[in-house]
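Below is the structure I would like to discuss, written out as structure tokens.
Chain IDs A, B, C and D follow the sequence of writing; residue 1 opens each chain.
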Amino acid sequence: MSHNTFGHLFRVTTWGESHGPALGCVVDGCPPGITFTLEDLQVFLDKRKPGQSRFVTQRREDDIVKVLSGVMLSDDGVTMTTTGTPISMLIENTDQRSKDYGDIARRYRPGHADFAYDLKYGIRDYRGGGRSSARETAARVAAGALARKVIPGVTIRGVLTQIGKHKINRNNWDWAQVDQNPFFCPDAAMVPVWEEYLDGIRKSGSSIGAVIEVVAENVPAGLGAPIYSKLDQDIASLLMSINAVKGVEIGEGFASAELSGEENADQMRMGNDGKPLFLSNHAGGILGGISTGQPIVARFAVKPTSSILTERQSIDADGNNVDVRTKGRHDPCVGIRAAPIGEAMVACAIADHYLRDRGQVGKVRA
Amino acid sequence: MSHNTFGHLFRVTTWGESHGPALGCVVDGCPPGITFTLEDLQVFLDKRKPGQSRFVTQRREDDIVKVLSGVMLSDDGVTMTTTGTPISMLIENTDQRSKDYGDIARRYRPGHADFAYDLKYGIRDYRGGGRSSARETAARVAAGALARKVIPGVTIRGVLTQIGKHKINRNNWDWAQVDQNPFFCPDAAMVPVWEEYLDGIRKSGSSIGAVIEVVAENVPAGLGAPIYSKLDQDIASLLMSINAVKGVEIGEGFASAELSGEENADQMRMGNDGKPLFLSNHAGGILGGISTGQPIVARFAVKPTSSILTERQSIDADGNNVDVRTKGRHDPCVGIRAAPIGEAMVACAIADHYLRDRGQVGKVRA
Amino acid sequence: MSHNTFGHLFRVTTWGESHGPALGCVVDGCPPGITFTLEDLQVFLDKRKPGQSRFVTQRREDDIVKVLSGVMLSDDGVTMTTTGTPISMLIENTDQRSKDYGDIARRYRPGHADFAYDLKYGIRDYRGGGRSSARETAARVAAGALARKVIPGVTIRGVLTQIGKHKINRNNWDWAQVDQNPFFCPDAAMVPVWEEYLDGIRKSGSSIGAVIEVVAENVPAGLGAPIYSKLDQDIASLLMSINAVKGVEIGEGFASAELSGEENADQMRMGNDGKPLFLSNHAGGILGGISTGQPIVARFAVKPTSSILTERQSIDADGNNVDVRTKGRHDPCVGIRAAPIGEAMVACAIADHYLRDRGQVGKVRA
Amino acid sequence: MSHNTFGHLFRVTTWGESHGPALGCVVDGCPPGITFTLEDLQVFLDKRKPGQSRFVTQRREDDIVKVLSGVMLSDDGVTMTTTGTPISMLIENTDQRSKDYGDIARRYRPGHADFAYDLKYGIRDYRGGGRSSARETAARVAAGALARKVIPGVTIRGVLTQIGKHKINRNNWDWAQVDQNPFFCPDAAMVPVWEEYLDGIRKSGSSIGAVIEVVAENVPAGLGAPIYSKLDQDIASLLMSINAVKGVEIGEGFASAELSGEENADQMRMGNDGKPLFLSNHAGGILGGISTGQPIVARFAVKPTSSILTERQSIDADGNNVDVRTKGRHDPCVGIRAAPIGEAMVACAIADHYLRDRGQVGKVRA
């Protein structure tokens, strides 16, 4: 069975396949009175879209988002105001090459969902991964762009911290660098290393994994819930729903297994401004499932693209042993384009909890 | 706001605080015709309950589970048969020492949810952590015991693989060892190391983190969904909902960031028995959100208990700087008791997806 | 399958059978900072409980409600304050006479759920109707009592307007009469008619249907949603979930089929106080699924109790023709005790929508 | 806030306004392997679409449905097979005359949602009723057409039984008549009466209410749940979500208030074919919330269209008294087009429960 809606009050339903006419989403529960332009959405879609550098798939998609419902257009012809009704967004698929996929219609590509799909559904849209294509994430990014509008003053940014064994030096972290390279990399010194490394990966038709970190600042304190629907739980759930993600961390994550209670607990003092001050942020901005007002820090690991040029052993739908190599256009490191998707997922989780606390009547309440 | 239900068809609602009269859960959606005895539930509660060794909290709770609804008792006076109606289970709190907590009623213990709670709710049951107490997890374990009954033939086992920096040697893995030591440790050689290490932690009033691994075998292939409600997403969500968990992995987890596509993709061959065979299990038994029939492998990191005897800097509800040390009875490594909880969460996630695919009329369908 | 939770933010899960040890509910999502006493709940349970007059079942149940979680008890030992965590409430079954039911264990009572249950579940708790017993509604009433506390200033009252063919004269409507008779009847002149009529029904071992009307006053305007999750839709859904209910109306209900547009549309004028004023209330306080501030008027029809002393034709689980008469203690007009249940359902629906609009942080916002 | 999804496993999300570029829905949870053609959907949309006779609105919409995702097209270019992923359907709005509505942008039409909308959202798409337009129901009908495919062998048909005070004679009921007149009327003798009556209504610019009855045959027994998520509850909820509906009945409905237990309970006998046989169907095919295998009978009342040519008293958004008459193109009896919508809602409710019982792996299970 299929479940394609997430969120409890800020609810997003996505639909669409890689090689159908279009994909999109319906955002239900966006409060009325929020204003935005198409450009406010497009800027995030452009960050995610393919063909931006030689390090990502060369499929060419404009990924132009259309808004079909839920808004009133202002007299300026550009500004839209939400009305509180569901917002349907649509992105057309334009650069499809279905014939690339004919020879894997009945062959199970190792690492892909092909085998599991056939087991489950008995039918599979093999073209470009069908529903499991990373193209689905364009709809998430559109929803995430709206989610940002729901949370007053929030800043949500994602970066790559690791490609293969090459990890950034956190002392070099510079937010200003992130948009200056094709990797969403905050460490300028790492950029040439990754470039050389990925050129090698790309030319050999191989692929490699990555780690992405998303930081959300100016998140109101008090969002979340103590046991279930923890804010970190909902963030983890949405990050894990991204294709190819195999691990999620909040704050110290797995490193916290090696910490003592003294090291791990973030101490507090009253600040000079009379406000509570945390002296560290091992918790990643969430304690007991509830945001503390500190930056929320989430991290996720993306496995290497399973589509590689090297032949791998597999079977086909008829039970024959076969060797499979995956042609077509693919990302050598699908983690690169995952940064804007991770941002979108964190934005949606926060917006959802924001509305649970603040309600949805009239304009968003600061 | 509070959300205390999980699952879509196998739905569990938990309730209760550390120092109230009782805690419990309602399991809604359990199919009719499933037979069990109280002992079938109690065996799992006993694995989780406190006071089992010197390495866990010395609070003494019998954790006897009662079933208040949803079953018909057989003439043998022991066997219960589910009727398809909600199963209410209740566990009384017996060994409460609320006076231990008086001095933290208005002080925020670093690393605990105290500060975030007060911000959110303006009221806080400070006794033993209130709703955030690990006692809540007894209800999860009871639900998990029922969930196992829903999935024919499944085996779900949790172990500790790491305490502090001390990791097991996976070559020593022996399932038979797990019940032979107080750590759910599959590596006999590691047991004395952890004993000595934790004795030191315990005596100094400190605490330490841990990593738990849960393996589910004989899970039917085809459970899950391609994009949202992925089986791994739902497992990650439930594991992250356990108190103190800061990271979750499926299969290779974060290590997959360092793997090439060739290394990561699990190759396949037809087996001698005419059935598909995976040659490795980097995926952890789930591809594209759907179970493959291989063992499902999930891992989660638990931070060190925040309750420590060393004074830490903090503030109180009145905005004063204070120093806090946490008396009372606590686990030096809360990760130890997390193994049966992790098992329960994985069991509930699988049972839920099992029912989504198989439906719920009449007896469970094999 | 079984689904025993309702509400989206004010979520109620009920459990329990007629002849188990207890029944109860978990109210999840009740905002923190709401104060109440057990007596505030008990007063509504007492209105619903059996044995109050000769016109309802003579089963004797004290229906004492216990609160097991989600509150802090004040120093006065009486006042409870909600903490925002789930509130578990429990009511013990004390007056069970299971032996009354032995002879219908395998016989399907006409009009009851017996046949449908066996078809669906293959197992049935035949004692007192099992889960389908009207005793389940005690849990609803407890939840409804809490729901009233969530909505500032609201008044929700239910009355009987019809028993059999005997309808009240709406010109005689006097709220003060409702608590002065055993029928929740607002028309004093109708009381002796119903008394004589029901005495006849009762003595002949027969039963009769009824119509109940629930009026909610001081409901904030703007609750609900335009298309789905309409406030009237959610009220109708909850009223229809009450046992034996076969019809639900809002405002004019079925009578609106006979009205012209001119007659039906409620005209408006600005009132002398500068506030909008409706000149009539055919809509029953809800337009386009959204509350208008006018009193909300809902009505529901309850079929006659199916448990009657006259023999009726039926079959048994073995496929034999049998004649069934239902002994045991029953309500001659189950509609009488449905008035407080209807109130509770309307209260829960309104509280749920109130929280959707206002959110749930801190105390309830007026 | 806005909630535009219904169903638990067969989940439908609708979106769109009267005067936006398009409207549509996403059907999530439709099992894989179901085949259909666009014509299979269009036939139901054509029954609902405007401009079919002089008795409905003269707005001209082709209501051509497009399927954007969730299917594989066969080589015949016509047959689609569901893949188990979400099915996005889109219907363009073509005949919009927004200028008709300029003068009610700030005036509240009595009986419409205008006043409640402004109270709630502070912004309102006044063109053609915006989200509250009956055009939204085209999306429901498309979803309902798919729902029918999910339930093997089911027949679901809706008829009008009453317009104004004119009720059909049930003894004249002839299913063959329903498609022979513009009223979905099963009583041929009533057709000329309604024609003359509605011509009068239409010419005077007035409107009138109606009652629709939906009958579902060959519904599998055992669908539903005992207390909440009763099949009748879910049908009532969806019928009440249709615009202008003010009352819902199952089986005898409100008439059951006047029945004795002897009259109301449907007796049973074993049939000559060895199958259980009901001797009557007062219950409307549902007992204890569970389908019995008898025809399911649901009825709903639709109020008169609030858009009438006669001036009515109202206010505007600035607090002035105004007189409003509604120009534009409207249905004199909106109940006529409600028959196919009611069918769709019943189909969706049954499909949802069917999947809850049967699960969703692979093809639909008979």
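Keep in mind that, in the parts below, a contact is a pair of C-beta atoms (placed from the backbone, for glycine too) under 8 Å apart; a residue touches a chain by one contact, two chains touch by 3 or more.
Note that the structure is a prediction, hence the values are computed from the model and not measured.
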{"item": "Higher-contact pair (C-beta pairs counted), B-C versus B-D", "value": "B-C"}
{"item": "Chain separated most widely from subunit B, comparing mean CA positions", "value": "D"}
{"item": "Distance between the centres, which are taken as Cα means, of subunit B and subunit A, whole angstrom", "value": "27"}
{"item": "Whole-Å gap between the CA centroids of subunit B and subunit C", "value": "38"}
{"item": "Chain centre separation (subunit B, subunit D; CA means) in Å", "value": "45"}
{"item": "Per-residue multi-chain contacts in subunit A, two or more chains", "value": "1-5, 8-9, 14, 85, 120, 131, 222, 226-227, 355-357, 359-361"}
{"item": "Interfacial residue positions of subunit D with respect to subunit A in the complex", "value": "1-5, 9, 11, 13-17, 20-24, 26, 28-33, 68-70, 72, 81-88, 120-125, 130-131, 355, 359-363"}
{"item": "Partner subunit C, residues of subunit A touching it in the complex", "value": "8-9, 85, 222, 226-227, 355-361"}
{"item": "List of subunit C residues in touch with subunit D within their complex", "value": "1-6, 8, 14, 108-113, 115-117, 119-120, 131-132, 136, 162-165, 201, 206-211, 221-230, 232-234, 236-237, 240-241, 243, 246-270, 274, 276, 279, 282-284, 286-293, 301-308, 310, 312-315, 319-321, 335, 356-357"}
